[in-house]
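In what follows, subunit A forms one complex with subunit B and a second complex with subunit C.
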Partner chain A sequence: MEKVVPKIGIFVRDPGGRMAASLDLPGMLKRLGKAKNVTRVCLLADLAGNASLSSVAEGIRNGEYDRVLWVGRFNTEQQKAVEGYLEGFGLNKYLHMWCDIEEQGALNQKVASEVREKKALRLIQMALARTRLLEPLAPLEIPAVDAAMVVGGGIAGLQTALSLVELGKKVHLVEKESGVGGKVAALHRFYPRLCDPLCGLQFVVDRLRASDRIHFHTLSQVVSIDGGPGRFQVRISRRPRFVDLQRCNACGECVEACPVEIPRTPEYGAFGSWAPLEGAPRKAIGPACPMSFPTAFVVQREHCAPGCKECEIACPAGAVNLEETATHEDVEVGAIFVTTGWDPYPLSRVEEFGYGLYPRVLSNLEMERLLGGDLPPLDEVGFIQCVGSRDERHLHYCSTVCCSATLKQIRFLKDRMPHVRCYVFYQDIRSPGFQEELYQEVKALEGVIFVRGTPSTVRPDGDSGRLMVRAEDTLSGKEIRLALDLLVLAGGMVPSRGTEELAQVLNLPRNRWGFFEAHLQCHPEESQRTGIYVGGCSREPMNVSQSIDSAHRAAMEGLAFLSGTVLVSPTYPLVDKTKCDKCKRCMEECPFAAFHFDREGFPEPDLAKCRQCGNCVGICPLAAVSLRHMTIKQIAAQVQEAAASFLPEGEPQVLAFLCQNDAYHAARAAVEQGLPVPPNVIFVKVPCAGYVNNALIADALAFGIDGVLIAGCQDGQCHYVTGNQLVRKRSDDLSDKLQKMMIERDRVRFVNLEIRDSVGYVELTRSFVEELMAMGPNPFKL
Partner chain B sequence: MSSTPGLDVLHWRIMRNVDHPEAALGPNREIREAARCVQCGKCSSGCPVAFESVHTPRQVMRFLQWGWAQEAATSPFVWLCAECQACTVRCPRGIDVAETMLALRRLARRKSWVRPDHFHEALEAMISKKGRVEELRLGVMAALSKWPRHPLEDLLLFVKMLRRGRLK
Partner chain C sequence: MPPKVDREKCDGCKAQQEPLCEQVCPGDLMTLDDEKKAYCRMPRDCWDCMSCTKACPVGAIETRIPYQLGYHPAKLIPMMGTNTITWTCIDINGKVERFRYINRGRLD
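Moving on, here comes the complex of A and B:
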């Protein structure tokens, strides 16, 4: 390849003459003009009139320079305007370099003028060094499929699908059961509006059904996934339904013909047989569950009598086929939405309340069924809150819905049986926001008593079948003894059964309680795998309205991968195959699992998955990985320039690598606030502390810089999950390296810095400089 | 902003050692555990003796959260506790409540907030001296160590117990 000699134009902008006031500007410009590759140096009057910009453009047109270094303070709007204007004259956006010497304190009048001059020159030389290595780049466009996949057909999944369908996307909805609706379909009412959830579900389903962009995959599971965001290839396996979805019109002839009766059991929890259940006994063939959508019936083959073909004979439409086998289907989607929901915590594990032992102890989901059907005669009903939740032996977290669910159940129970006395045993009632209204309403009902205290055991009361409960009312310190007709346990939420399997298939990290890991704060629905979004209770316990909220948010967040093309900024990592020895460390350390092997066995980033944090750059022991536009070479050139001394003899020189998300802003703010920042520090902005390769640190020390400072986020706050901690992990390697170089380990310091902590930055740099002073000069110093 | 407590509050703080609850509680790990208690009352609900006492175990835990070690250790409940461990098994925070009660008894004895009665003093002395208990000698020692002595009553009781085979 022909080597292109860069030609650089340097333009200095100094509105108000602030630079001229503290520096010998004409002298500096003269010196810069003599620097290598510099073909033009010019002091710009102002940007506002296009006169000065057109003079810059003139130079580009006649080939005087092919890249531009801007010195001075430019805000983002000005930068964008300049870049846009000059793009029209053929200057690539990535051939601009912006150098603000003020943010590094080079204009600080309190510093000796000699130091000031030299530091300013150093900073411009550093920028110049990087400018020489700039390359023209263009953003990439990766084709994306405008279809999405939603895993889980509960309320969250349906709402996500609806959101996407209405935005014009195709949706594949995968549901493990024979019908959609999930847990919410089994509820009697849901708060805050206390309406029937079936109404809400039906509303969504009807709108979905009307669309030709939705495809329901019931009795299905995701078995494998390949490809990346924008073009996931997903294989869905489908269990046989034994009934043709197209032909069956749910006439019910088959149900009458079916000789097998399955005793009705409550949908959730194995026990609770005391609760009378509505409806006729189920048959082996019948409508889909939990909601009868899709309308086609389903055969529960495991209940069938051997050789029986009654339904097949009875069906007038010829829809039943008992010989159907499992099939699979491959679909291509741009993004995946995981809304696998929750399961109730197995209450029999909370032994002390006798769930499964006494028929009058019910879970709150069984109570929902009871409220939906005929109520048995009741006088005294107890509700125990936080069963399994907020308990070190069971679930450590609060399941968030159980308090309001109990309040809602009491309200409806009192509606139907006003004479019933209700006792709620609670630790804290958590009814956030407007749910407080429901709490106050229920609290004011006659015969509803809130007992702040949890019973320890439940015993049967002789032969009467009632339950004896003893508790301390902690507010009065008095003992409460009650004989109850019914005890309802407000059980907790755990991730649904299929969660673990799906996590393995999709390679999704889960938190210590088994829910899918997400940032929870800045991008709540974004999982750690780009292109895969998690919504509803698969992420965190939440109630129906929060689930719907989360579902729509997930759809919005995922839209980027469904719009035909995925736009990738060209600053992505590249692996230098001549250097790489396939050690795979970049693959392991990547917080977003963006790397895969190419055909030759080299790691290759999936550009749509990559979030360009540069942790792969930092980890590579051979410095073979580089972020484009911020290559190792460019930074190394800057480091080399930074090494030349600008301080009086004996003063230690510090190079700081600052995370651009917070430490950089703290440092900038320190200068702007006029805090006494030591002039000894020159900093380089990096995308994440994890970007800083050990080779850069070793370089800096070898060139004679006295100390290196790396500042990243606080633990657990890094936007790239653990970038800040990865640096510390690598410090052992670094120690070995430094030992070989005969350099003290303490010359490199890693710190956490928050975005507002400008005072902390000043203290930090001061103490570091003092320490280095005591340590003496770097032995490599020339 | 620091608020200046009124004189009476200040006095109360010194009395209760609120500002330095650790100093009042001593180095007992079990007692420090009380800070994790959420006051759910499950310990009291399952306790066989709680409602015979002035305080429930939950209230004892509450005293400890304030740093009121003496109130806690001298509560009748601590001394009534049967060490059945029902509270420990049920505690949702995983606090060893029964062990806390034992720790409080030890604390009370160490700080001389309680004094054993003459019988227990005699028993303690005998065990620490000989390692075993002789009932007859214990009876005599207990009878002699109490004040005022009731020799006649004790003799009658002795005869009664002999006759019923309660003493060998």
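Moving on, here comes the complex of A and C:
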């Protein structure tokens, strides 16, 4: 590459004369004028009216300088305005460098004027060093497909699909059952409006059905994925339905003919269990489940009698084909939405209540079914809350919906059978928000008794078959013995079966309870894999309306990858292939798994996946990875400049690498609030603490800086998941090395700092400076 | 004297086929054992060039310097910056000397 000799124009802006009051500005400008590569130094009067800007533009036009260093305070709006204006004169946006010496405390009047002068000069020299290495850059546009894939056809999946379809995107909806609807299709009523869920589902399905942009893949699963955001290539495998979707008109002749009856399975979730508790058992051929959409029937081949072809013979439309085999289809999509939902916790694991042993013990989902059909004669009904949930032997978390679900069921039960006495065994009733109203309403009903405490024994009575329940009311301390006709267990939620498999296919991280991990506050629906979004109960237990919320949010967040092009800021990482030796550490430790091998076996970031945190820069043992516009070379040049002394003899000099999300703001605020920040510290802003490469710290120490501070977010709060933990591990390794080198290990320190903790920042830097003072100068100081 | 690997620190370069020390060793002596930790398979062939010591990203390798240069506990420890390399020499009496070189070209 041709070596370009940079020509730098330095423009100082000092509105209000704050700089002139603290520094010898003319002297400083004179010195800067003599610095290497500087062709122009000028004090700007004001930005307003573009008068001074046009003089800056003049120099660009006649080639006096090809990059600009701005010294002084410029807010974001001013920076944008200046960049925009000068772009018209051919100055690339990335050839500007902004140096605010005030935020580093160089104008602090309480500091000796000599230190102030030297520090200000140091800061400008540092910025200058980086300015020399700036390169013109342009944002990238990566083509994106305007189709999306939704995995899971429950209420969340359907709503996501609906949002996207209405926004004009094509949607592939993948559902592993034969029909859509998910768990909600099995509910009798859902709060808060206590309407029939089928009505809500039907409404969504009808609107989807009317669109020609939706494609339903039922009985299907995602088996592999390739490519990146904007252009995922997904392979979907489809199990045979044995019935032609086009021909079947759901007349029901085949069901009459089918000789096989499928017994109701005790555990919820299996195909046949959706049938009502009482009534006709399902046949091997029948409508799609859980909701009869698509309308075509489906054959459960595993239940068929060998050689039986009754349905094929009976079908008047000739739709049945028992020889059908599995197929697969490849689709290309821009973003993937995972809404795989939940399954009930297997209640038979909670042995003490006898679920699966005694027929009168039901899960709350079975109770929903019961409430939707004919009720058996009942007098006394018990409800046990938190079965499995909030239990250290089972699920550690609260499943959030079961309390309200029970309240709802009691209300409907009392509506239909007002004489029934209901007993609720609870630990705490959790009915957040407006659901409190439901709680108060149910509590006021006659014959509803809330017992705080979980039953100790449940035994069936030999003759009557009723359940003998013994419990202690922990509020009154009395023992309660009851004979119940029915016991309903409010089971908890676990991620649906297949979540694990899908997580492997999509390489999605899950939390310790198996739900998909997302960044709760900042990007609640975005998984740790860019372009893949998680909504509904696959992320955490939620009720129907929260799931729908989450579904729409996911659709909104994912829209960026469905709009024809994906815009990528040019500050992405670049791997220097002449230095990289393919150790693959960047691939291993990238929090977003953005790297893949290129044709020659070098790691290459997928620019659409990359979030530009710079962890790969920090990780690389050979300093071969650089973020553009923040290359390791630029930062190394800054570090070298920072090392020249600006303090009186004996004062320790500290270089701090501050995470731009938190610690940087804390440091800035500390200066603005006039807190006593020690003048010994110079900081460099980095995109994430994880950006800091050990080589940079080694550089700083080698050049004689006495102490290096790295400040990142609190654990668990890092925007890039693990950046702070990775840099802590590395700085610890370096500290160990320093110890071997007979240098105090505490010269390198990693700290967690919160964004508003400016007092903490001051305390930290002050104690660090004191400790360094006690340690004496860095032995490498020459 | 061969390089000594701190087994607690060594992460086998995340259990890759070839860790950095193996790639860089001119005598092809470093390799991973069954537990994916690096070791020197033929200590007698080591030239004490310290390439592996410099390359190790977690600082797990220490080169024991040959007795002709200094008995235990003499040490020679390199630290790699982006374009600097510093050497810390500790002799058998614990006297420390340090050198810094600017290694231009590492970043170019």
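Here is the rule we go by: the second predicted complex is superposed on the first by the 756 of 782 C-alpha atoms of A that agree within 3 Å, B and C clash if a C-alpha of one lies under 4 Å from a C-alpha of the other, contacts with A are read in each partner's own complex, and residues count from 1 in each chain.
By our rule, a residue touches a chain if its C-beta (ideal position, glycine included) is under 8 Å from a C-beta of that chain, and two chains touch if they have at least 3 such contacts.
Keep in mind that what you see is a predicted model, and the values were worked out from it rather than measured.
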Q: State whether subunit B and subunit C clash or fit side by side on subunit A once the two structures are superposed.
A: fit
Q: Tell me which partner A:695 touches in the superposition: subunit B (first), subunit C (second), both or neither.
A: second
Q: In degrees, to the nearest 10, note the angle that opens at the C-alpha centre of subunit A toward the centres of subunit B and subunit C.
A: 90
Q. Between subunit B (first) and subunit C (second), which, if any, makes contact with A:328: first, second, both or neither?
A. neither
(Q) Once chain A of both complexes is superposed, is A:80 in touch with subunit B (first), subunit C (second), both, or neither? (A) neither
Q: With both structures superposed, pick whichever of subunit B and subunit C touches the larger number of subunit A residues.
A: C
Q: With the two complexes superposed on chain A, say which partner A:454 touches: subunit B (first), subunit C (second), both, or neither.
A: first
Q: With the two complexes superposed on chain A, say which partner A:427 touches: subunit B (first), subunit C (second), both, or neither.
A: first
Q: Identify the partner contact of A:519: answer first if only subunit B is touched, second if only subunit C is, both if each is, neither if none is.
A: neither
Q.
Can you work out, in whole Å, how close the C-alpha atoms of subunit B and subunit C get once everything is superposed?
A. 34
(Q) Please report the subunit A residues shared by its interface with subunit B and its interface with subunit C. (A) none
**Q.** Parts of subunit A lying in touch with subunit B, wherever the complex brings them together
**A.** 352, 386, 390-394, 427, 452-457, 470-474, 477, 479
Q | Sites on subunit B touched by subunit A in the complex | A | 38-47, 50-51, 55-56, 58-59, 86-87, 90, 92-94
**Q.** Touching residues on subunit C, where the partner in the complex is subunit A
**A.** 9, 13-14, 16, 19-20, 23-24, 55-59, 62, 75, 77, 79-86, 88, 90, 96, 98, 100, 106-107
Q) Where on subunit A is subunit C touching in the complex? A) 581, 583-585, 588-589, 621, 623, 632-633, 636, 693-696, 698-699, 701-703, 730, 733-734, 736-737, 740-743, 779-780, 782
